[in-house]
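Letters A, B, C and D mark the chains as written, and numbering starts fresh at 1 in each.
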Amino acid sequence: MATRRNPLDEPATALAERFAATRALTRELAAPLSDADATIQPFPDASPAKWHMAHTSWFFETFVLRDHVAGYRAFDDRFAYLFNSYYDGEGARHDRPKRGMISRPTLDEVRAYRAHVDAAVIDAFGSLGPAALELVEIGINHEQQHQELFLTDILATLAENPTNPVYAKADAAPCHAPEPLSFLPGRTGIVEIGANGGGFAFDSETPRHRTILHPHAIASRPVTNGEWRDFINDGGYEKPSLWLSEGWDWVNREAVHAPLYWRGEGLAFTLAGVVDLDPAAPVAHVSYYEADAFARWAGARLPTEAEWEDFAASADPNIGNQLDRAEAVMPKAPGDIFGDVWEWTQSAFAAYPGFVPAEGTVGEYNGKFMCGQFVLKGASCATPRGHSRATYRNFFPPHARWQFTGLRLARDS
Amino acid sequence: MATRRNPLDEPATALAERFAATRALTRELAAPLSDADATIQPFPDASPAKWHMAHTSWFFETFVLRDHVAGYRAFDDRFAYLFNSYYDGEGARHDRPKRGMISRPTLDEVRAYRAHVDAAVIDAFGSLGPAALELVEIGINHEQQHQELFLTDILATLAENPTNPVYAKADAAPCHAPEPLSFLPGRTGIVEIGANGGGFAFDSETPRHRTILHPHAIASRPVTNGEWRDFINDGGYEKPSLWLSEGWDWVNREAVHAPLYWRGEGLAFTLAGVVDLDPAAPVAHVSYYEADAFARWAGARLPTEAEWEDFAASADPNIGNQLDRAEAVMPKAPGDIFGDVWEWTQSAFAAYPGFVPAEGTVGEYNGKFMCGQFVLKGASCATPRGHSRATYRNFFPPHARWQFTGLRLARDS
Amino acid sequence: MATRRNPLDEPATALAERFAATRALTRELAAPLSDADATIQPFPDASPAKWHMAHTSWFFETFVLRDHVAGYRAFDDRFAYLFNSYYDGEGARHDRPKRGMISRPTLDEVRAYRAHVDAAVIDAFGSLGPAALELVEIGINHEQQHQELFLTDILATLAENPTNPVYAKADAAPCHAPEPLSFLPGRTGIVEIGANGGGFAFDSETPRHRTILHPHAIASRPVTNGEWRDFINDGGYEKPSLWLSEGWDWVNREAVHAPLYWRGEGLAFTLAGVVDLDPAAPVAHVSYYEADAFARWAGARLPTEAEWEDFAASADPNIGNQLDRAEAVMPKAPGDIFGDVWEWTQSAFAAYPGFVPAEGTVGEYNGKFMCGQFVLKGASCATPRGHSRATYRNFFPPHARWQFTGLRLARDS
Amino acid sequence: MATRRNPLDEPATALAERFAATRALTRELAAPLSDADATIQPFPDASPAKWHMAHTSWFFETFVLRDHVAGYRAFDDRFAYLFNSYYDGEGARHDRPKRGMISRPTLDEVRAYRAHVDAAVIDAFGSLGPAALELVEIGINHEQQHQELFLTDILATLAENPTNPVYAKADAAPCHAPEPLSFLPGRTGIVEIGANGGGFAFDSETPRHRTILHPHAIASRPVTNGEWRDFINDGGYEKPSLWLSEGWDWVNREAVHAPLYWRGEGLAFTLAGVVDLDPAAPVAHVSYYEADAFARWAGARLPTEAEWEDFAASADPNIGNQLDRAEAVMPKAPGDIFGDVWEWTQSAFAAYPGFVPAEGTVGEYNGKFMCGQFVLKGASCATPRGHSRATYRNFFPPHARWQFTGLRLARDS
């Protein structure tokens, strides 16, 4: 699942601090929620907030505490069944579409579970060997992924409520004129992409390898809400020639005519409730189908993963509109490379040449999803700062749009 | 919806007391629940506890306070949309299958809503005219129906949780030998059935009318868990010749092989958690399909509604295992005519000769369900005591079995 | 399945003649069809014409020839699997929704199968005992039922073809002014309904028994196309208050806004292709939901089965617009009691008091459908003349409307 | 849709001959079929034989005759609606899942349609300009694709018939010992793939471009039936660790436990009816999910498209077990590079760098399917000889397996 981690890279105390900070952030994210808020599963592919909180704890409890800490006793033997996600190697588990049926354990019990696991991990830190420390590192990254899902799933949950509940208040966004769009020439010829072993990476980012870039240019910023409105006004959702065959079926079957959460009349539902859409902010909550259709309408195309990664290779992934604390995150003008929205690429999520999945149960993490998914690059406003890098490979099926998903155009040159 | 109510029948103070008692019982039923428990909708035909609590309040608020109390202001204007059930005359409403998405209002806010409505109704009582008082009477009966659904829906909710949560503790049931079964001859010839105007009744119970009973006998007690186990052991769920065509499809499609909530090895899930099945207690949670197949297997048949009603006409409907307080109700040996389980009849729910639906929006109550449903008679352990009478016509579609539904055999003679 | 038949009632030669005539009519009905026409299954509840032809032959082959004629050899051993309909007692069978996959045997092979069975039955006639003769009688009635389904299923098949194929040409219907509607008083008090044993009847028509008619009146003729157009123009399909709850769901889910086969602008698809609707002819192809909604709109109701049967008891069931030969049958003004359209009643299809299903496999015929179906009375333009009687109980689920189904109003008085 | 075709490459008479030969082969393929055989649609993604015959004719009629031959009159104006496949630019069309409802036009009428179009095209040949000739070329290739679908759809149709009909007789296959499997080293470094403009190619094969091959080896022959039996016997269908997540869901949902058409006990259904499986012949009718799981089980992987194409670049695509005449084609030992089975690659079907879809309605051909599909390379026993080339990109969704789809292993080295 992860490249070998050199234990000398980082002192265990620094890792312990990152562990504590990550666990604390999840705790904060849950602060505005009631037990009921945290129990609802808005649709089968999303999970209740409580489930995210427990599942990330189960990960540490199982792979670090159970496997590497002698004498550790599980907080509750029933949790393995309830909070395993999809690790077949870990035995039977609760049906995914039934996650919203679990009012008990309560949110407070889940908080106690988290505290119990935190204490045990911190307690054990001094005695953990390199393999266990690597699993802590994986667990931190795993929890960061779930922090993003936590927010997007809560957004989906609250969006189902006709009373438009507010997760957190937001300051009025300052008004920006949209930045003019330009296309920047990309590199051509042989380049290297993928993780080089210099820091943490998921198995799917490896091995670093050579690939060829063909002549192309890439947009200076993501597509904005204002541009998307032009697409709608030009009949973008009504012209089959703009759409992939499967996308056109989806548009008609689901009666899609705008990004998810757009509420008409320039409004959108957000973690801050219903707000005015900022025309200069990056458009979010569009599916691959929509992103692809928009690009065709715009006389452009989506970038490939390699084009995007090479484009972003020298950017600092820690800068930009990313998640720092529990607040009503949303994309903001002018739009960053890392931050605001994940950017769809035209590349299917597939194994890199020479890819070898991580061993053991955690190896189920990425390889088994290499079918029917597209790669998204960058980071969003809901991605915990520090989690991003140019080699990162996020992936979702082409109809998914409850994440903060947007796009950046590219074209041949 | 209801027979004309003579305001002289009962002083307004007595009605006010019944109103208060009914409202209090709902409050008590909710006491063991968390906000999360009360938010879950276990399947589209069931509703969250919180919804039942709010919807019954909306009924009083709309039909009594809004329509009959000058100057009443709604507690929250958004609730009409959220908590209308199916009254098309009252405008748009929240989609039924989405009732489990409503974490807000919280349980405490719904309690405050109830208190607000209670105070306003009590306050207005002295000045309510006969039409409004009749609506209070209807509202009480309506809330009693929802008290039963409250319990059966909570049972369904908790049953989805692999940790087998307990709604309330139950005393160990005393051990009974099952009562011997006998068949009692029923009356033959012209009899009268239906409500005679002597007390509250729903519109579908009227008018009282003559019908003919043909020679028959009716069982002295309901079918028991022990008898149902014999049916299973004799291959009852595997012989198509015992089943209605539609029932056989249902058994196979849903992989049914025992009553709902049976957990194997003599155990069943109940409001008290997993308990031993009492072989002498009436079987519950069987569908019409199952009841009909069992009767055929037993060489008998289900009674008609008229046979059942005539059989029970002289029994006291206030005696028996019915709902008095918030506890882990369940059917108990030896089984009462009124109480323990609703008893399936072979009669489709249809209009009585001369039936006229009640006027106005409340008239949507019964007539629009006269299709695809079968009549159940009696009362169950979850029916509030005082709600029952021989003329009562409960109804459910033939596959439904999350209510406390059982059966009593009959046969031609 | 059938009342005992007295072999003295009818000489075997007369029965043989009826057998031959019935078999010949099916042959004629198939004459206008190609093998491909006869192979298509337009939806899972309908069957290919070829299947009807083979299944009715399988019935005689199995229950008469195999069981009562020594030494009979099956025409093709594979046909029992292919052409059994729903007789569980007769073993495994081909999945109903897959009946349209059977291009082989060809139509000509099925014709050869029919000829083979016909010859064997005729050959054996002299030596058949009373039990076998009764099965021949049942088989004739069974085939007559399938003749009606043959035509309605072919109508459904051709209706799926955008080129509007013609089964048979029709003469232009003479123009009638619609007959004025009047309500005739029905009898009140105790009457008898059900088959009295004087001729063939299906088991579900027995036993004849007493029932009570309450004061009512019944319409002098069926509802017409013109009246249905008024219902549509008055917004009948858009007012939830007119509809059963289940019916309203159906209307919206299926986007129903007119009888099946209406094509707009006063046209309808028929066995003669697209023709002008005759406003004076009985409306056909309406579901129970629609019939019930129309009656409510008209300030009336549907008759009960007993009301209808008593009303029609003295009419001659052999008169009227019924099936005599292979032609483009359709309802015609002014509308007959027997003929034109089956008339929905408000009565669920249920067992008569004292009902005992016929013994053996043929006993699966009716009893297993006593759930979720409504009774239709009379006969339609596709019912073979001679098949009808006042006690006849046709039944379909409330959404079905590919039969020639219409309605006659009734009301309390 | 196609690379520019140089009219000097081939004299018009040679093209006319190829046109005539292609059209004749379709005619021959239909010879063993009845009208009913040719009318059935076995499932929504497959089409009736008659539809293939008419649709390929509609293609020539529309894009060549209508657009390029002055005064041409359509054979039947209704056919454009019935026989358009998915060209949105050509207007409304018959619903795909309803193609099996079209008994009329008859098979003979469709044959007449074909003859009419053939005569008109041949007649016009001398006067067709380069654009029209290119469309003839495209139409020939288009019809060749439908010839393969014709056979696989007929196989699917006959497979639904419990009587196991035979499309054509087959000679007993000679017995082969399976060829020993070896892995051949592939080229490493920069290679070119894609069509170079030297002959006909579909737009998706262009432009030819450079790509990088990483160290790998590729199997000397396809996976055989015998090897697949080992996979089954080793529990291949029961171990989730072997499967993609989506594949595991598919296996369980569809209860898959062998290749499609395997009938147990070493038998399989084929165009020659039920036959013994040849353990040395290439396995066919496996999905991408199955192919991927098998490769994982075998400690190998599927090749990338580029690896496969480079491997096959020097092979003669006209040699091998491909379609020459109407017969019971099936994969045979020892298995050819071109022929026997299409070979799944791990590459998603996506645009090549610089890809530009063909202009006009025919441009809807390939680009709109670049989502959710995997590339298959080579050719099968049902591919018309002459249609294949190394650059060819066949594609299907990962669950599809009614084509002759197999696999060849690869591995990193």
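The working rule: a contact is a pair of C-beta atoms (placed from the backbone, for glycine too) under 8 Å apart; a residue touches a chain by one contact, two chains touch by 3 or more.
Since the model is a prediction, treat every value here as computed from it, not as a measurement.
S.K.: Treat touching chains as neighbours: how many steps, at the fewest, connect chain B to chain D?
M.R.: The fewest steps needed to get from chain B to chain D is 2.
S.K.: Determine, using the mean of C-alpha atoms as each chain's centre, which chain is farthest from chain C.
M.R.: Most distant chain from chain C: A.
S.K.: Please work out the Cα centroid separation of chain B and chain C, and write it as a whole number of Å.
M.R.: Computed value for the inter-centroid distance: 38 Å.
S.K.: Report the inter-chain centroid distance for chain A and chain B in whole angstrom, where each centroid is the mean of the CA atoms.
M.R.: Between these chains, centre-to-centre, one finds 46 Å.
S.K.: Roughly how far is chain A from chain C, centre to centre by C-alpha average, rounded to an integer in Å?
M.R.: 59
S.K.: With chains as vertices and touches as edges, which is it: line, ring, star, complete or other?
M.R.: Drawn as a graph, the chains make one closed cycle, so a ring.
S.K.: Could you please specify the touching residues of chain B with respect to chain C in the complex?
M.R.: Touching chain C from chain B are residues 86, 88-89, 190, 209-212, 214, 216, 240-241, 243-248, 288-289, 292, 301, 304, 346-348, 350-351, 353-354, 364, 368-372, 398, 412.
S.K.: Which stretch or stretches of chain D touch chain C in the complex?
M.R.: 34-40, 42, 78, 81-82, 94, 98, 100-107, 157, 160-163, 165
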